[in-house]
């Protein structure tokens, strides 16, 4: 059961990496968080699961969609690397994380290794989204995906971090998203567009 | 103590002697050898005229200069005490130069500038010659070289040709005289006497300490006169070459005395 | 764990610090009055008190780490004090140069201290001293070089001296007095403590190197002082020169310790210590005087001063005493310490065996004589042009005597100058003991003064400052009285200066400071590299309306040594700037690439 969920999370990560429209990205994130919710629930961490549901499945995607409607930009995700290549890169990242997970836990059980590998892969793909997409909103989503990966790692490997830490992390994520959202709005107002590459002039 | 009084009394005589000799060699009669005494007496009798720009330094300088120069007499006995003597002369010069600047005239300033310039470079020559004397007195070559270096330095310090002309009346060519330009009366007398005492002290050092024979003093005075006659006054910046030559001689004298000490 | 070390060496320096801080503090009461808000004045005074405290702690702590902290504190506090008189962008530039240079020096000190810790395993001075005794020669050599560079930057050894002419003039005058009089001496303390006391002299070339550097420092300092027209910059360069003279004594002592001539070594070090305290006193005095002049006239340029001896008699008198002391005029303290250093060098000439070494010491003595002569020329110019003759500007003509606290501070130091000169014998006895303790030689049997009033350092050379002073006074008194008795009081008429028939001489007919030092500028042009620019503004072909003449000298060390270094560093920075592309994506990729590489390097992949 967990394996299926993990595979689902991985597949959604691929979907996000090769998504062509922003609403697709946000939807992918929503579904991935949903799967994460189910997984955490299965692990027995009910409180944390509830928070995941609240924040990552309901509130944050709602907030992101709202921004999308407000700034009325072109729904195209600005590509530095085209979708096909991105997908290949995602696959390569998955391969690397498998090798890394295997070296890390050379004598462990397979389920754990797969969980580790998936979480590293998700983290890597979140980073990929941040680096190789031009729009500011995609960077927020990339950050959230990385956070998903970390969360996955924490809940499968260690049986969850202490509650306080989880609370703090969630608070951090929520607040960062709000702030980044505001920034995106401002960037849009200033530059008529959210192309982050236009910020190149801000250097010493 | 007696030495002290004798030196002060005889200093003008030496000066007069040199002047008379120079003139005789120029086939003229020249003034009497006691002329400096008559001059001093005349100055002492006259009133002083002091510039309104000057301060108390101008008034006190003649006494300071004379005191320092006269005190130097007590330090001519052995080579070691010559170091203090050089410092005392520097004391006298310091105040004389200040007095030259005090009157707010260009000539005084010029004389002060030139005097400091020449004397700054003469000091190492003096110290090196003193060092040579102090290190060893039994090496003939070292004594001769030190004597020559000291002689050249003495010519510079006592404002003789080829460094400075005591007989000039053109302010632009003066070095020592320019600083005395504003002085008159008693102060001028004291300053002139001080200059003559300094001259005598230098001659005494060369004759007495190097050759250990004070009777050579008139010989050196004659030498001074001959040098004054035969050379012309140098341009100020050529004096540097002159001092460099004296310096080289002094260095060689030190080397010779070191080597002499080893041999 | 002992925190403090109150041995003779540190007590000497503590006395020195307190001796100079007291008049500087009194002076500052008058100096700061009315020029800043009351709050800022109190803040500055507190900073100064902290500065003095930090210096006292520097010379008395026993742990290397605490020493370093106090050293840094001293540098930082002085930096803030320099900037407290922030009237121009020059102060900021001065502060920056000072900060950079002092930290460069501290970097070398840190290197030396770490090396010391590595080889001895302790931070305590006394423990290190024991442990350093058995170390191999090249470790000690390395330590010596690092310490020399580190302390040399603070002391002002050429070519590490460039911060001095910027920092000392920019600071308020009582701080300049403290910096020039005391702070650069703490660097000499560092050298004495770490090299003499702890390391022990290992090789002859140490002393030779210090002597060579000292000669260069002397000459460079005095040459630049000669051509300087800003009175405080002139004093700063003169401090460089005097540090050179102190180092002549220190270097000679290092050399003589290793050469096995203990009496002469103690003599040389005592002469250096004596010049150290003398310089602190008369340089402090000169800076306080310069500060009074600046307060009264608003300018530091001596070309615009003049006639101050009539409008500010006390300030001028104290400045004169300082100038006399620094030019080594008998019987003041500068004369005694320069005399002693000369005699120590001559003693070295006599005592050393190799002919080449004798010549080297002789050459050092000649260099000392030359700097003495040039320094006298420099201060004759400074005092003569600033204080004598006619005022050269409105500000100078309008000068009034300063607040009594400022003159009190200066007067205290002037009295101290005279006292240190006359009391030379007793001071020297104390210093010989301190020097003996520092070099580790037994100085109890060395007697440098046969009588109560005479110093007889070497052979048959002797000096008695008290008798000399008495002699001068007696002769002067006798002459004066004699003349007045025999000839009656002289009748003096006051008239204008002889003016060759052009009536109405103005201040423009006086000699200028630039003119006074022009012969030196010409003769030393191979080093000073002067350049001049002249421009004729003509109304017609034959009629020149005005003429502009500008002459300047190149700062050799700044242009040929430091400017290339600074340019090189900036170019490196420009190259490194290319990393900052401005694109968020590239920055993000930097992060992840770095993470990735870290994982690989940690062997975890």
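Per-chain residue numbering starts at 1, and chain names A, B and C are given in the order in which the chains are listed.
Note that a contact is a pair of C-beta atoms (placed from the backbone, for glycine too) under 8 Å apart; a residue touches a chain by one contact, two chains touch by 3 or more.
Predicted model only: the values in this text are computed from it and were never measured.
Centrality by Cα centroid goes to chain C. The leading chain pair by number of C-beta pairs in contact is B-C.
Note on chain placement: the centre of chain A and the centre of chain C lie 66 Å apart, centres being C-alpha means. Here the CA centre of chain B is 33 Å from the CA centre of chain C. One finds 97 Å separating the Cα centroids of chain A and chain B. Residue ranges on chain B touching chain C, taken from their complex, read 44-45, 47-57, 63-64, 66-68, 70-71, 74, 78, 80-81, 83-84, 87-88, 90-91, 93-94, 97-98, 101-106, 108-110, 112-114, 116-117, 119-124, 126-128, 131, 134-135, 181-182, 185-186, 190, 236-237, 240, 251, 254-255, 258-259, 262. Put simply, chain C touches chain B in their complex at residues 306-307, 309-310, 320, 324, 327-330, 335, 339, 342-343, 346, 349-350, 355, 358-359, 362, 365-367, 369-370, 372-374, 376-377, 380-381, 383-385, 388-390, 459-463, 468, 471-472, 475-476, 479-480, 483, 487, 490-499, 505, 507, 509-511, 515-520, 522-523. Those residues of chain C whose C-beta lies close enough to touch chain A in the complex are 577, 580-585, 588-589, 592, 599, 604-605.
If you check the complex, the residues on chain A that touch chain C are 80, 99-100, 103-104, 127, 130-132, 134, 139, 196-197, 199-204.
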